[in-house]
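Some structures are shown below for you to check.
Shared between the two complexes below is chain A, which has chain B as its partner in the first and chain C in the second.
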Partner chain A sequence: MLRRALRLRLGPCLSGRGLGTYRRGSTLDWDGKVSEIKKKIQSIFPGGAWNPLYDTSHLPPERSDVVIVGGVLGLSVAYWLKRLEKQQGAIRVLVVERDHTYARASTVLSVGGIRQQFSLPQNVQLSLFSAEFLRNINEYLAVVDDPPLDLQFNPSGYLLLASEEGAAIMERNVKMQRQEGAKVCLMSPEQLQKKFPWINTEGVALASYGLENEGWFDPWCLLQGLRRKLQSMGVLFCQGEVTRFISSSSHMETASGEQLTLKRIHEVHVKMDHSQEFQPVECAIVVNAAGAWSGQIAELAGVGNGPPGTMQGTKLPVEPRKRYVYLWHCPQGPGLEAPLVADPSGAYFRREGLGNNYVGSCSEEEPDPGNLEVDYDFFQEKVWPRLAQRVPAFETLKVTDR
Partner chain B sequence: MRANEQGLSSLEFRKLQEVPVEAVDASGCAINYQGLDNLLALKELQSLSLRRCPHVDDWCLGRLYQLADSLQELSLAGCPRISERGLACLHHLQNLRRLDISDLPAVSNPGLTQILVEEMLPHCEVLGADWAQGLKVGPEEQSRDAASSPIPAWPSAPPHQARSLPGCAERPTAHPSGSVGLTQLGGSGWGEGRRA
Partner chain C sequence: MLKYIIPTIMLMPLTWLSKNSMIWVNSTAHSLLISFTSLLLMNQFGDNSLNFSLVFFSDSLSTPLLILTMWLLPLMLMASQHHLSKENLTRKKLFITMLISLQLFLIMTFTAMELILFYILFEATLVPTLIIITRWGNQTERLNAGLYFLFYTLAGSLPLLVALIYIQNTVGSLNFLMLQYWVQPVHNSWSNVFMWLACMMAFMVKMPLYGLHLWLPKAHVEAPIAGSMVLAAVLLKLGGYGMLRITLILNPMTDFMAYPFIMLSLWGMIMTSSICLRQTDLKSLIAYSSVSHMALVIVAILIQTPWSYMGATALMIAHGLTSSMLFCLANSNYERIHSRTMILARGLQTLLPLMATWWLLASLTNLALPPTINLIGELFVVMSTFSWSNITIILMGVNMVITALYSLYMLIMTQRGKYTYHINNISPSFTRENALMSLHILPLLLLTLNPKIILGPLY
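So, the complex of A and B:
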């Protein structure tokens, strides 16, 4: 009713366009008048982002404390922000994701593995925590009246193989991992052959095998679980693309008297899909969790604009890399006990399901991360020979998908 | 050997502190991932029964490798949260001689899982799902028995679904619940006797 009253008063000149779009040639300073009226109305009817003139429900809110850009890690940051806030509703969080179906996201296209076998102690600690999180996922992400999550976790472990050159590093790493609390054991080639008779141990000097908290699971399930929980916690979601950051700079002086320019982002422009419409979102903090595309987001924020060689001049060194993953069938292949095996040449594979199917690939650089087309020749030339050398049963296999 | 009214155990109990525990029957207990710490500390444990434990899941099975040296008998029958993915970690238990994996509702394909577990643990006797579960009637056997069977025959399966496992003889065999012919696993010596 109020809407109709406004329409009558403001007359037929009112168009339906959003306040955020650029209008040319208006002699009446319409935008200014409209925003004045809006401010007046909002002072009469306080509370919430309510726009009397048109429907903005598809746009993100105008104000948010934290804007997070990204996939599963972004959702995880949002989750912990809301978990750890001092008062319920104290932090308003907005998650901006370019693709709601996550068709191009690294998360759902990955093989879904979790391991503690890293070379940095911090990574080992993070991964141990993640394993505990995944184990108790239905306590962390419980939503009233919703069914529990089934991550389909395979606790089969990772088996990393090292050649003569890598053996010393592997031994050092395993020692560090065990100090951090990871359950990893080292195996000699003889022990390896005894444990997994289907492996060809030629060229392997040492192997490290994760005994607990390692394996693979369904990342899509984790993603959906996080989304569901976040929606129930009051986090706002928006499908759009971050196109611009508006920041303000101020000159500051450090304790030692040096002059610095401190730049702070205070607005994010989120562009809607398939349209030119965008919403400026005022915010205090932006979290860049865009994974492979975080380099691009950082560039938008001006990271890397500066004299080369300085910290300001260094771009965020993250670029998207395309990886192929293949699914094949091999009736005589390794059985139920097969872990995720990673060869020193970079080829890796794991079991998929019960029907003698396997997924795997080779972690080597491929060109053109622009599209997600799969190159089967890559499998024939790079992946299959290495896998067949390591697991003789893979001499006879048949690629089925991807 | 219960504690008396003052809560003190009898002296006999204290004498047994040094005795290694060889068998634990935790059937129906609400033991969980952390609770397993107590069992995994028993390095001489030979027999463990976790039948119908409601909180024992795939993550818990991932911890059992610590008993690999001593464990000979393990029963996981009736645990609602165990799936075939957790059973994959049992391959560490190379001393295992008897394994009971019957009646696991979360296992998607019990017959196939049993075969894969048997291949994984060649020295172990695996009690489990009825291997005939999930198999469909072969078309030629179904038409032969339909004439004599008092029970209506199962819907005929298309020919490509008739399972025949490599290296086994096609022999029609009498099934207790009706006269329907099924292909039999050759050579495992189990036959009718072991129905879990």
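So, the complex of A and C:
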């Protein structure tokens, strides 16, 4: 009865009061409006970023000292820049990344291996340093209050097989690698058969096996670790695409009297996803670490505009290449000690996890790098026969979805 | 006095009605001519001031500041040419108009005969400066900087208005000529304490005093080059000039009221000098060095001895020219590299040797090398504070050492060493820039030969 009286008395005001479940304010979105007003007031106070007209938190800052375009290498450059600056906050670094989720980046789609068995001494040196970095990653990339990184570094080594033609080159390379300090050993087919009984050593003249600092790890973990650390060091991240470089050029004369036009980039236009909005970022240095797409970025900067055949006319010789990588399951496959085996025919594979799964492919074909579709027929025709020839146990494998 | 004000006002139609290609040439040339006429003010009578009318006058305190102000306008115009070259024509003319109106207000401020007129123009100078900082500054933080600048100064100076009106009501007139004779000793009472504070705080904020200096690094760093130049060279000196004028009527309270501010300034000058050693941003370093030099001026004005007054005025002029020159040099760096971080542009001596000469001269005058007027100012202040209290000489000595440290640090960081690889294609110095630097340093060096004109009324 009391309720009936209440309803009678407060009938007209009920709708405004919101008694019960009737809410008239939902279409007006009061909560959203109040929080927006609060944000605006907060931005007016000293210390907040001032954007009275609209929210610009997704845009990069208007100025930055170094703009890095890129993936994991870009993050690494940013890390070392920040690590080596004399005082904290001396250099302002902005990392521009087209895809925040890194779904199409080379890093996360890669096999994730690290090896020292290169033919250039500089590569070997870099790789040795990277191995040391990865081993001590929790000292390099430590962030307060965050869990340590687990890279799942499997130091199983690389096993490169060489046929008769390539044996001499391999021997030379191994000598160079040993000089640089990598621990690599050469094995004859008999030693190979004894160590890895599951390998079919037909056609193999020489094999080089990395004993230390080689193997594979989880590249996604490295990426996230770098991002986390960089955010804690004060690097600004921005999701966007670099569309333009504004540069200023000046005419100079070299010592030999040749007239040159020297260009200097001083502004980068970063375009936001799914919109025409772009932000010009004034900068002093631009680092192009875009990996497979660095050729496109270089073209934006004007590298390669000139008569062909001259230095001005040479584009940056980086083009994206697509490779397929397959994951399969084989219960009778090689065991835990299997390294990443690379066949002279171009096929390679490695163990993935502890459930008899393997990851591998063949590095010869060059499919169209336009999309990231995987062609399973390629596996049937090209990769599987080579794998089966090298490791007889792989005749009974089954491809899982990748 | 009208012979300066009317031409300055007429510079504005000159800008708006000039041909497009001639706006810079016209305004720079004519403002240079006006600055030469300001030298006529030097012809002062004995101990009286040069009175033009009941409204305007100039004495040997305001004369050097006035000459500095008028000298600075052509320099500001020269410095702004590059970064405004991409703006559209109306914006350029607006910018020049802002500079000219700022100049106008400053001329009238330095020659105002009456304190209320001085106050009105003191506040009026804020408006063009704010517009210059917020509209033509470089980064998003400039809005924050403008806010800090505006509200710090306003909050400090509103009590000054109240105090001035009170004094006008009690004493009868705020005209300088009459104020000198009608001033009565201010006795110690609470209301007088607040009146003293009200009078002084505006100028303390402007100087700036160490505890109230937060607006200065922001405003100096975010302002465009002309804004930085006029801020460092002239607007800071407005505070000093105001303090020198207003202490006339505040005796003898200043003797004990000044203690906390003297302490703050003595401590602050060492603190801000030390901060300079840790700066990574070039303009920020120069801004903090301004705070440090001005702290010396505050100490000098507050201890109120003849020598300290002479040191204060000399230091104001010297610092004005030096700071302005340093900002111009930093700007020439910025225009090439598009970044103010010091470590990104090193070893410039190998690439731009003539500019390195200007850097050297500016750094040497900044660290008060004898026989420049910087040293004369600092020396007078050091000597008078020593006689005021013996211990201050330790603080002053430490400050001079640290000043030398950061000036040389700035010089060596930007000029010496191997140049960073990415600046090998910067354009060489323009004649305009060299002219700008030489026009800054030439008066400074010439004044070394005849410093008595900047030593103020107590010489």
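As a working rule, the second predicted complex is superposed on the first by the 348 of 402 C-alpha atoms of A that agree within 3 Å, B and C clash if a C-alpha of one lies under 4 Å from a C-alpha of the other, contacts with A are read in each partner's own complex, and residues count from 1 in each chain.
Definition applied: a contact is a pair of C-beta atoms (placed from the backbone, for glycine too) under 8 Å apart; a residue touches a chain by one contact, two chains touch by 3 or more.
All figures in this text were calculated on a predicted structure; none of them were measured in a lab.
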Once the shared chain is lined up, is A:N154 touching chain B (first), chain C (second), both, or neither of them?
-> first
Which holds for A:T254: it touches chain B only (first), chain C only (second), both, or neither?
-> neither
Just chain B (first), just chain C (second), both, or neither: which does A:Q87 touch?
-> second
Per residue count on chain A, the busier partner among chain B and chain C is C
May I ask you to decide whether A:H266 touches chain B, chain C, both, or neither, giving the answer as first, second, both or neither?
-> second
Would you sort A:L336 into first (chain B), second (chain C), both or neither based on which partner it touches?
-> first
Mind working out whether A:L211 is in touch with chain B, chain C, both or neither, as first, second, both or neither?
-> first
Scan A:R135 for contacts with chain B and chain C and give back first, second, both or neither.
-> first
Chain B contact footprint on chain A (complex, rising order) | 135, 152-157, 211-213, 215, 335-337, 351, 354-355
Of all residues in chain C, those that touch chain A in their complex = 138-140, 143-144, 147-148, 278, 280, 337-339, 341, 343-344, 422, 425-427
Chain A partner, complex, touching residues on chain B are 33, 58-59, 61-63, 65, 83-89, 91-92, 108-109, 112-113, 116-117, 119-120
Quick one: in the complex, what on chain A touches chain C?
-> 46-47, 49-50, 61-63, 65, 85-87, 89-92, 250, 252, 262-264, 266-267, 282-285
